[in-house]
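Once you've had a glance at the structure underneath, I'll fire off some questions.
In this document, chain identifiers A, B, C and D correspond to the written order of the chains, with residue numbering beginning at 1 in each.
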Amino acid sequence: MPVPPPNLNPPFNIVRLSHVELRVTDLAWSRAYYVDLLGLQVTHEEAGTIYLRAMEERGHHCLILRQAAEASVGGLGFKLWSEDDLDRAAAWFAGQGLPVSWVDRPFMGRVLATRDPWGVPLEFYARMDRLPPIHQKYALYRGVKPLRIDHFNLFSPDVDKAVVFYGAMGFRLTEYTADEETGRTWAAWMHRKGGVHDIAFTNGTGPRLHHVAFWVPTPLNIIDLLDLMSTSGYLSNIERGPGRHGISNAFFLYIRDRDGHRTEIYCSDYQTTDPDLEPIKWDLKDPQRQTLWGAPAPRTWFELGSTFEGTTQRESDLKAQPIVAP
Amino acid sequence: MPVPPPNLNPPFNIVRLSHVELRVTDLAWSRAYYVDLLGLQVTHEEAGTIYLRAMEERGHHCLILRQAAEASVGGLGFKLWSEDDLDRAAAWFAGQGLPVSWVDRPFMGRVLATRDPWGVPLEFYARMDRLPPIHQKYALYRGVKPLRIDHFNLFSPDVDKAVVFYGAMGFRLTEYTADEETGRTWAAWMHRKGGVHDIAFTNGTGPRLHHVAFWVPTPLNIIDLLDLMSTSGYLSNIERGPGRHGISNAFFLYIRDRDGHRTEIYCSDYQTTDPDLEPIKWDLKDPQRQTLWGAPAPRTWFELGSTFEGTTQRESDLKAQPIVAP
Amino acid sequence: MPVPPPNLNPPFNIVRLSHVELRVTDLAWSRAYYVDLLGLQVTHEEAGTIYLRAMEERGHHCLILRQAAEASVGGLGFKLWSEDDLDRAAAWFAGQGLPVSWVDRPFMGRVLATRDPWGVPLEFYARMDRLPPIHQKYALYRGVKPLRIDHFNLFSPDVDKAVVFYGAMGFRLTEYTADEETGRTWAAWMHRKGGVHDIAFTNGTGPRLHHVAFWVPTPLNIIDLLDLMSTSGYLSNIERGPGRHGISNAFFLYIRDRDGHRTEIYCSDYQTTDPDLEPIKWDLKDPQRQTLWGAPAPRTWFELGSTFEGTTQRESDLKAQPIVAP
Amino acid sequence: MPVPPPNLNPPFNIVRLSHVELRVTDLAWSRAYYVDLLGLQVTHEEAGTIYLRAMEERGHHCLILRQAAEASVGGLGFKLWSEDDLDRAAAWFAGQGLPVSWVDRPFMGRVLATRDPWGVPLEFYARMDRLPPIHQKYALYRGVKPLRIDHFNLFSPDVDKAVVFYGAMGFRLTEYTADEETGRTWAAWMHRKGGVHDIAFTNGTGPRLHHVAFWVPTPLNIIDLLDLMSTSGYLSNIERGPGRHGISNAFFLYIRDRDGHRTEIYCSDYQTTDPDLEPIKWDLKDPQRQTLWGAPAPRTWFELGSTFEGTTQRESDLKAQPIVAP
């Protein structure tokens, strides 16, 4: 089906993706991985929970690590423009017949908890505690020098419908992969903040979180991380990359923690603020879509993901498959 | 005076800065400089006029070079969200007692021409011709690999009032320099598109254009440009840099063309989309404000600028001066 | 067998590898590839032959492209310290029962042509025409910005014996791969000029040229080349990389021209001038030997190579095989 | 006077510069500066003395920090090819009427201590303790990621004679600055190991050490160091740079410790192994000689240096002066 036009007057104003909670089975291991190896900064730490931010962020956290018996993913957090937008969001989700509740979250003002039609837990807020800038405290930079959370990527059993639903909220399509045979959308990249995406959907059993991405200064920081991971005990956590995506044009690396939560390290996509930006269409059969330089992704990259707490997954009925590494 | 709070409900929606016209006295020289040396792409060329875009832009042009008897600067162009915003902008400027007219501009829809209270020519539009993407046509990249126009910087004889006026239009302050003795604002950086600025104001005789900036991929592209300029006849066009600004945290280089039009080559500032982003205040006496690494800027950088066509300049009454290189 | 100690008093003084002739079946195509795409500089061009140098070289050429009916490789060129060394080299090769002749080569002084015991054509000289420096003519830099020829890599059916033979000439071992089961050397890196290698030997049917390598400034130049090749018609010429070798620690990319001649683009190995430098031993079973980051090389990389004119190849009897990409 | 031809058959074989001892007045401060800030690795530490090596070095040390009442510089260390070369060196210096003694140095074999005709303390050796490689232990990399000691630079009151004396030892000239009016050599760069220099001489009151240099991977590491120094209490230790030298083509930064010992952080010079490499001549009046991009060096850079223990300095009679920053 054709991709829908952007909704330039959405029911509420989403500023950007904001944060996510990863439930992990060995918090000490995860602290070493996200803090010492990748370089995220601890902003609060208490029994069983660690709050982290990236170097140029002033909101209190972009990642919450929580000790749990089983690995899973909590709500995907989005920042709204104002408290009024938060009320409008609550009304809109209720009007869709979706669950709406107000929840208490440390370091934040009012938080609206809801789910999308596939059960993905979403949280919206307008105010989070603000912290002093640290982007010029260069002695704190470590690891891959993560600057900010960039996007979420989800496996979806129905990408076409996800594009319609998130599009209604005001997410605007920047690039997408079409299955030419069925006319269906195989994957889609949608943004609010002016980059290629705040959220993306990839065809597959879902809903599951494919990855959360962090933006870094240059490709050399990614090369530094590869050197560090491969010589300090994290070789098996490297999954794919480095490379340049055809889609988004970004330089990337994919890594997976011991619980299977995947992180993309990412830089150099492009500005998408224009409301009349034309989405770029890619053919599912084009291997440069995945990697501009031609190398296909490994099978794990297409198959493995993290489950959201409290969701039931289902298979996609879109059976077309991308080229995978043999 | 204290900096005003952001206007989060502006009278019309400015998406971003868009383009500028530079009047030049030797178009062939300027073509070599902006096209062959810097790497901007020609999108249209006719007698006396050249239209250029940067590598990731899909709008028809970000820079117009026009042959003229004397060097000057035409209107500063801004893209609005919709045609309705354009009408609202016309009404707002008219309501301020400022001149409003609709002008014909090639490759564009309706264009509103007006001036700010100091006479700076401004042009607003919602639709410009769109061109196919070239950001992945890597064989076209040259020079410093300019990706997009990033911001305008203006000399202003009254920065405090400029902040109020542009703030009323919805530009949000990200950083500013205060003169501690008088309590006045010495310089201010304001944005719409989610970076540190779309427009900035620096104390000085004005209005004049201090510079127009282009965003490039990494600091190494700036080093490449320095190597190229210094060994191919453009040594005397290098004015300041490379360095890192304290303000904006950007890695920078300033160069001036033969007509004195200054360009900043710029990368690695930070994301500013949050409406509650707290402006960062700098002291005029702090040399790291200018250059994080401590080196003061040369006197020319504080004194020379380009005049706007049809304006009268006046001196600032704020006499405090920054540290300059001896 | 154990690796032999370095010969610190060799029979003649080899300064460095110098140049190679590639016979190609479509000279116009090869010119576009080596000159326009990779960025080597033409120093002489005549019917059927092109001479090239890299950006910091002052010798007349490091690569000769010669039109031929079939693709093959001519002699591997090495620069000697003095004319006396050239005479000593002639005597030494004659003493080994190897063919010795003096040949005329344009742009060069006396040239000694000989072969190693496996038939590899070798050429030695002390004087080649010298050209003015161009390393600061930055307007000439193109493509991957090749700075200098770095090394030759050969398939050898008997690496242990090659190490002894080239070691006797004064090549010093820096790193090697051992097959732990047989105690045999599977691959070896040997140098004269103070980097990890001027010449390397890899187990396989041979003698064949595996690749010739060029040194570039930084990993970002290699990323630039990948972007350029993949979007300007050279996607299928990318074979392996980018990555970091465990052996040599270099950042690499392997590409193959239409005749199958393989080029390595290479940077950031280390200095090896000390005569007591201890060779680093790697296990054939260690995948980080090939790629520090863990990804195995494709099968083509282990199997395909260029033949030398006038040689007969034979299989290696060392059947141990490295891990290849599935 | 014309520069002398290289001595291609020197009396003894110097492999490379090796190490230097800096006497410092606050060892704890210097440890923080050279180890924590710059990233050199401690290989031995005892009361009053710290031994350091850079990341790709396997010799025990390249820098010795020694607590002293007054700042000064101990001997400049050079590695010879063999023990026989050490004896030949002793004979040669004795034959020049210069002091020769054998001294005990920890972690080293026989060490010959002598002085050049201007009193500069020199130490030669063939064997130093060897340590395991750490260049692939990426978790150890810190600060500017120093890879190896690169060169010494000395103020000399008679550069012409220094070129003759060091040339007799086999140092080969790569670049030099001529004072066109007097025909005298104002500065000279000389090498043994195949880069632009192991040692350089600059006209001025001497002998004094102008700086010791360390080689780093890329210009971005130098930018990282500037960011770190300027935001962690070392702003005033930044003296000059970043920039590219005309001479040597290297990307540079100069910093000075609290005792005034100057360090150059340096990368991307070129290979000089050819015995027939033609020295490049620069005019003292050419500002691109110092900085390719045109900016002159500050006066301190031309005037301040470190004294060698036990030497008497004298002024140069060559009064020509380079352009300095105003």
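Everything below uses one rule, namely that contacts are C-beta pairs under 8 Å (C-beta built on N, C-alpha and C of every residue); 3 or more make two chains touch, one makes a residue touch a chain.
Keep in mind the model is a prediction, meaning the values are calculated, not measured.
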item	value
Chain whose average C-alpha position is farthest from subunit C's own	B
Chain pair with more C-beta contacts, C-D versus B-C	C-D
Centroid distance [mean C-alpha coordinates] between subunit C and subunit A, Å	44
Where subunit C and subunit D are represented by their mean Cα positions, the distance between them in whole Å	32
Rounded Å distance between subunit B and subunit C, as computed from the means of their C-alpha atoms	50
Subunit D residues counted as touching two or more neighbouring chains	136, 218-220, 227, 230-231, 292
Of all residues in subunit C, those that touch subunit A in their complex	218-220, 223, 226-227, 229-231, 235-236, 238, 242, 244, 251, 288, 292-294, 325-326
Complex contact set, residues of subunit B against subunit C	136-139, 218, 220, 224, 227-228, 230-232
Partner subunit C, residues of subunit D touching it in the complex	8, 15-16, 56, 58-59, 79, 81-82, 127, 130, 133, 135-136, 147-148, 193-194, 217-220, 246, 249, 268, 270-271, 273-278, 280, 292
